[in-house]
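Please read through the structure below; I'll follow up with questions.
Note that the chains are named A, B and C in the order they appear, and that numbering of residues resets to 1 at the start of each chain.
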Amino acid sequence: MLNVVQLSCERDDRLLFSNLSFKLCSGEILQIEGRNGAGKTSLLRIIAGLSSSYAGDLFWNSQPLAKVYADFRLDCFFLGHKPGLKLDLTPLENLAWRSRLANTAVSREGLLAALHRVHLAGYEDIPCSHLSAGQLRRVAFAGLVASQASLWILDEPFTAIDAEGVAWLEGLFDEHASQGGMVLVTSHQSLSNLKGNLRKLRLETFAAEAYIEEAVFEKRGADNGQV
Amino acid sequence: MARFEKTSMNGLSACAALIRRDLTLTFRSPGQAINPMAFFLMVATLFPLGIAPDREVLSELAAGVIWIAALLAVLLSLDSLFKSDQDDGALDQLLMSPHPLPLLVLAKVFTHWLTSGFCLTLMAPLLAIMLHLPAEAFSALMVTLLLGTPVLSLAGAIGAALTVKVQRGGVLLTLLSLPLYIPVLIFATGAVNAAMQNMPYSGHILWLSVFLLLGICLAPLAIAGALRVINE
Amino acid sequence: MNWTFFHKLGSPKWFYDISGKWLPWLQVSSLVLILVALVWGLAFTPPDYLQGNSYRIIFIHVPASFLAQAVYMMMATAAAVTLIWKIKLADMALKVMAPIGASFCILSLATGAIWGQPTWGTWWVWDARLTSMLILLFLYIGIIALRGAIHTTEAAAKACAILSLVGVVNIPIIKFSVDWWNTLHQGATLKLTEKPSMAPEMLWPLLLAILGFYLFFTLVMVLRLRIEILSRERKTRWVKELVS
């Protein structure tokens, strides 16, 4: 279970959001919405532990996240804007190094099955440089299928995906949630086909107005002058 | 939710996977490894042309020229060490790994050394012949290169990590790394020059080994820290 | 232990207020000390029996060299504070100190070169101290360049802090290597600044000059730091009230 308490994030003297609190329990899908620059990516990177420029508390299974990052990373799959694939390698080789790095022991058969599930069967030995942007995304999703992580953090996963793929991915979310997994996703799509526990969170609700911004600055300056 | 064995694999197998990946990438596009080697050869060729083709002059300069050329060639190849991972998003996967980042980083630096410093070391005898390095100094040159080039990779990787998000950061990387390379350069060329005069050079070798040990212990921490803070 | 003082010290507003009171004292004391030391050293100390009057440049060269090295150590301290306690003021100090330290480095190198001309008959000698100082300048240049290249303030702060710490680990190694290299190549026979015993009439003005330079450094740093505080805290109410 992920618990976010009173999170605020400041980027280059601009307060992106403040007092953001939410819980993500197993079986839930949370969609983060917001206009461009609202801080969706920043939020995901903070939760994934890639960024530490925030104020507030994060808890993973009731433990402070900063203390259990090693456990958290074992149980978390992060996919950013870029698919994180080496273009000179084949999809199978890419999946192999990624699963090793994520500490998921997956056999060749398992990876092939994952590729089959993302409709890329037959592409396993073709260099990724020959694949289209959408197909590259699908290779990354094969990593998602193969991973045993319970929390999925996906930043704009629907980019470059066709309509059929969107429906398929939504089905995947549903399946993951029904097995007790958690999905944290940013998207401009409406995710209409989801049956499961979909919640939406608009980041603008937590966007700070100028006066709040000042107050936070003031408070921080008076408190301890920390970065 | 199916929980998997947390101890089923360890960091070392992740390191092996990283090393295998980076080596495969180098084999698929060998320019990454070959270009610095060609650069190494060309820089060394410039010295006879720019100074004098005299046997005495060149043998006097050989150790320094080979080492400076090797140092610049390593620097040249360092630019893409983390930047290629940053560009395709693979760096995020590295940072998200549950394994200790310094260990993974050490694996990456090792692969870098294997494809740069080690290849340069293998090529060095050719340059030594071209620059008339006396035969008695060959072994000293090889030993110093074997011990010194990993230090260049380690120290330079700190700069590469710090400049990973800087566009066209090649020159900046050079500025950051060169001061750190000076001790290696001094002791390595000192050893070769001592060997040329038939003097013992085991002291130099010991110091280079100390630098290597220090580098292996401390540099991965700095590199991992740099990657984390730069990637925020 | 009571940490409130520590955290108060880290508050930019508090520092801005208190440092305003220090400024006049720093201005007067550094000016007086440097003037007294220089007049004393340049006009009233006896000439050196070996070097004649040319040695008098030590009253600038030595304090500048001291400061160049000391500033790097202070930067490393500020870097450690930035990384461990995340105190913003420490990063601001790190940022403003780098160009000052580099300037002292350049001053030390320039006065060393000027001193070298009458002493060795050449502007530049690969003396161990001068070479180390040159490499120190490279380290400063690296930090300044890195700060300029990273656009996010927080990332630049931490990157420069890491680089400063890497540099400070390397300084002893570099110094040792260069000293060793220098003895091997037997460069200068007459070492700058290395006197077996310095006459007290030369020592006193030198100590005064060093103290004056330290105060001058503090003055310049505080001035630069105040500007940096204003620019980084420009969105806070107290800065807005201050400038309006």
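Remarks
Heads up, the rule we're going with is that contacts are C-beta pairs under 8 Å (C-beta built on N, C-alpha and C of every residue); 3 or more make two chains touch, one makes a residue touch a chain.
Here the structure is a predicted model, which means the values were calculated and not measured.
In this assembly, the chain whose C-alpha centre lies farthest from chain C is A. For chain pairs B-C and A-B, the one joined by more C-beta pairs in contact is A-B.
Measuring from the average of all protein CA coordinates, the nearest chain centre is that of B. The distance from the centre of chain A to the centre of chain C, each centre being the mean of the chain's C-alpha atoms, comes to 46 Å.
Chain B and chain C have Cα centroids lying 32 Å from one another.
Inter-chain centre distance (chain A to chain B, centres taken as mean C-alpha positions): 35 Å.
Within chain B, contacts with two or more other chains are made by residues 232. Contact of a single residue of chain A with at least two other chains is seen at positions 53. Under the contact definition stated at the top, the residues of chain C that touch 2 or more other chains are 152, 154.
Taken together, the chain B residues at the contact with chain C in this complex read 158, 162-163, 165-166, 169, 172, 175-176, 178-180, 182-183, 186-187, 190, 211, 214, 218, 222, 225-226, 229-230, 232.
Taken together, the chain C residues at the contact with chain B in this complex read 83, 135, 138-139, 141-142, 145-146, 149-150, 152, 154-155, 158-159, 162-163, 165-167, 169-170, 173-174, 176-178, 180-181, 184. By the touch criterion given at the top, residues 11-13, 53, 213-214, 217-218, 221-227 of chain A touch chain C in their complex.
The touching residues of chain C, when paired with chain A in their complex, are 7, 10-14, 82, 85-89, 91, 152-154, 157, 233-238.
Put simply, chain A touches chain B in their complex at residues 26, 45, 48-53, 70-71, 73-74, 76, 78, 80-89, 93, 96-98, 100-105, 127, 148, 150, 179-181.
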